[in-house]
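Each of the next two complexes has chain A plus one other chain: chain B in the first, chain C in the second.
Presenting the complex of A and B:
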């Protein structure tokens, strides 16, 4: 229950995001709430100290809050470990949630949206929040139970590999989406299939070799030129 | 892009480093040159757990890094060397050459620090040290690879209160 309460309060964690102390104010707010839930009243000075520079992924912050409270209870080095985990969870969270989960959710929603736009929106929200809320609402409990060894939880579930697996999933989903679009939008024949395959491979090669945005730009310009020439 | 990057970032490995540098430049070897981290097994394990599969991580003291760098250990790799502070960069300044891209990514706001950019806050001593390095080599402020870098110029003006 305490983990759920902290999970709820963590929705306000980024409310005072700024360049000077980043999310330090939000962290101090969460620490105070969490300590109270554990029957402790932190000194004003201690809470004020927590407003110093702090920046981590918002979905994983509760793991650090749990770890901090546990270390504080046991007279550990809560502030030292807070600093280390803030950057580590920033790395893990950004890679997975921002750069891998979102594209996968988009590809899933796009496929579902072909059948029903409403299903597309719902599938995005369900898939994304399944992961987001799971981490947000269990973070405090796990962080508190493992303390400064909270990284072992992430090692156990091999979290640093999830981004790679999800990227593969996204590529697969996009492949399905493109195949479906090609099949449903034109007279499907072997020439069209061959042209599309070469086209996609060329796009991927450009994106890999140069840059995704540049690759996309080149493909769009080429397509526009091709359509202009053929009068399509 | 140059094969070796020296980056001052007081958060060491974090989201911008993974997505903005490692994946963008396909860096296969990350080196943390820091005396405190090199002596802390838990901290080493935490940082090792954050890297994507296939990326090698070396955590060395500044002195060990200097000797390993001189031994051409990183010759075949695309290397990102992370330094926690400008002081650490200054300590390895003899390693810098024209083949190394030196940038400052994130130095957090602390008391008595001057805001140089929205992610870089330096004290006068750090500014002097960077000025000394940039007499011979270019030093940039560069948050993530896809954003424009800012070359540090006329840095002493900050100390003179002109900026």
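Presenting the complex of A and C:
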């Protein structure tokens, strides 16, 4: 229950995000709440200290909050481990949630949304938040029970491998989406198929060389010109 | 009434992006499908959504990085395709370019929000007493207002520039084919961005192409 309460409050902990202390204000708010739930009242000075620079992945913050409270209770090195885990969980969370889960959810939702927009919205939100909310709502409990060894949980579930598996799934779904859209939204002809193939390869060739918005700007103009002169 | 909902939703998008929730109500594909249902042009909105979503899949908020406002792109694109006058064919090239251009000042508004949050925090720190809850509530409200004001204002400005530049010249173009070509190009970016081993990635992508073509 305590993990659910902290999970709920953590929805709002980023609201004061800024370049001075990043999520520090929200972290101080969360640990004060968490300590109260564990029957402790933090001194004002301690809360002030915790508003200093802190930044991690928002879905994994509760693991750090749980670890911090446990270490504080046992007079451990809560601030030392907070610093270590904030950067480690930032990297872990970014690579899975931002980098890998979003493309898979997008491709899945786009295939569903092509049939029915409502199904698309639901499939994105359900698939994504299944992972998001699981981590958010269990983070405090796991962090508190494992303390400074909280990383063992991520090793046990082989979390660093998830991004690779999901990326392979995303490649498959992206392929399905593209060919299904080509087949459904325009009559099949060899010119269209050839053009789309060239466009994918062009995107792959420019991906590491040109910023995506700049690349898109160039392609918007050239494609518009191409369709204008071909009358497509 | 639906326009009022759309404006209120703009605030939720802004909050969901960085201030609170993070339940992905701010993803362009979700925005486009919600806007499509609200404004009654689901298919066009869907195509706008996949283009801006592809930008967001590559331009991600790693660490403290501020990505470009792909959510605004989807919001403005869907709104504008609904509000364009029916008297002439829309000029999609101009429309997309204006949206991409407007994404920059809207992204800048995010920096303003962070600067505002910083000012509040530093002021309390200087006064010797920090109230985290007050800072969070103020930041939440400010972020909501940023969405409502900047998303609506950005869309309004694009609409008027578009109407001014468009004139009476028609350029008939199949929007769906056009969007599909843009998305195919962006798919190349997304494929390169994915981190699995190249041979696996491309093999599964090719398998997906076959499944999509043959099975679905």
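Just so we're on the same page, the second predicted complex is superposed on the first by the 185 of 232 C-alpha atoms of A that agree within 3 Å, B and C clash if a C-alpha of one lies under 4 Å from a C-alpha of the other, contacts with A are read in each partner's own complex, and residues count from 1 in each chain.
Following the convention adopted for this analysis, a contact is a pair of C-beta atoms (placed from the backbone, for glycine too) under 8 Å apart; a residue touches a chain by one contact, two chains touch by 3 or more.
Bear in mind the structure is a predicted one, so any value in this text is a computation, not a measurement.
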| item | value |
| --- | --- |
| Partner chain in contact with A:124 - chain B first, chain C second, else both or neither | second |
| Chain B versus chain C as contact partner of A:221, first or second or both or neither | second |
| Chain touching more of chain A, residue-wise (chain B, chain C) | C |
| Partner chain(s) touched by A:201 [first = chain B, second = chain C, both, neither] | second |
| Which superposed partner A:4 touches (first chain B, second chain C, both, neither) | neither |
| Touching partner for A:109 - first (chain B), second (chain C), both, neither | second |
| First (chain B), second (chain C), both or neither touched by A:40 | neither |
| First, second, both or neither for A:53, with chain B first and chain C second | first |
| First, second, both or neither for A:157, with chain B first and chain C second | neither |
| Residues on chain A lying within both footprints (that of chain B and that of chain C) | 19-22, 55, 90, 94-95, 98-99, 163-164 |
| Residue ranges of chain A in contact with chain C within the complex | 11-22, 25-26, 28-29, 32, 44, 47-48, 51, 55, 58-59, 90, 94-95, 98-100, 102-103, 105-106, 109-111, 113-114, 117-118, 120-121, 124-125, 128-129, 132, 163-164, 167-183, 185-186, 192, 195-196, 199-208, 212-213, 215-217, 219-221, 223-224, 227-228, 232 |
| Chain C residues within the chain A interface of the complex | 18-25, 27, 29-30, 33-34, 36-37, 42, 45-46, 50-51, 53-64, 68, 92-93, 96-97, 100, 103, 114-118, 120-122, 125, 129-130, 132-133, 135-140, 143, 171, 173-174, 176-178, 180-197, 200-202, 204-213, 216 |
| For the chain B and chain A complex, residues of the former touching the latter | 11-19, 23, 42-43, 45-47, 49-53, 108-110, 118-119 |
| Chain A residues within the chain B interface of the complex | 19-22, 53, 55, 57, 84-88, 90-95, 98-99, 148-149, 151, 154-155, 159-161, 163-164 |
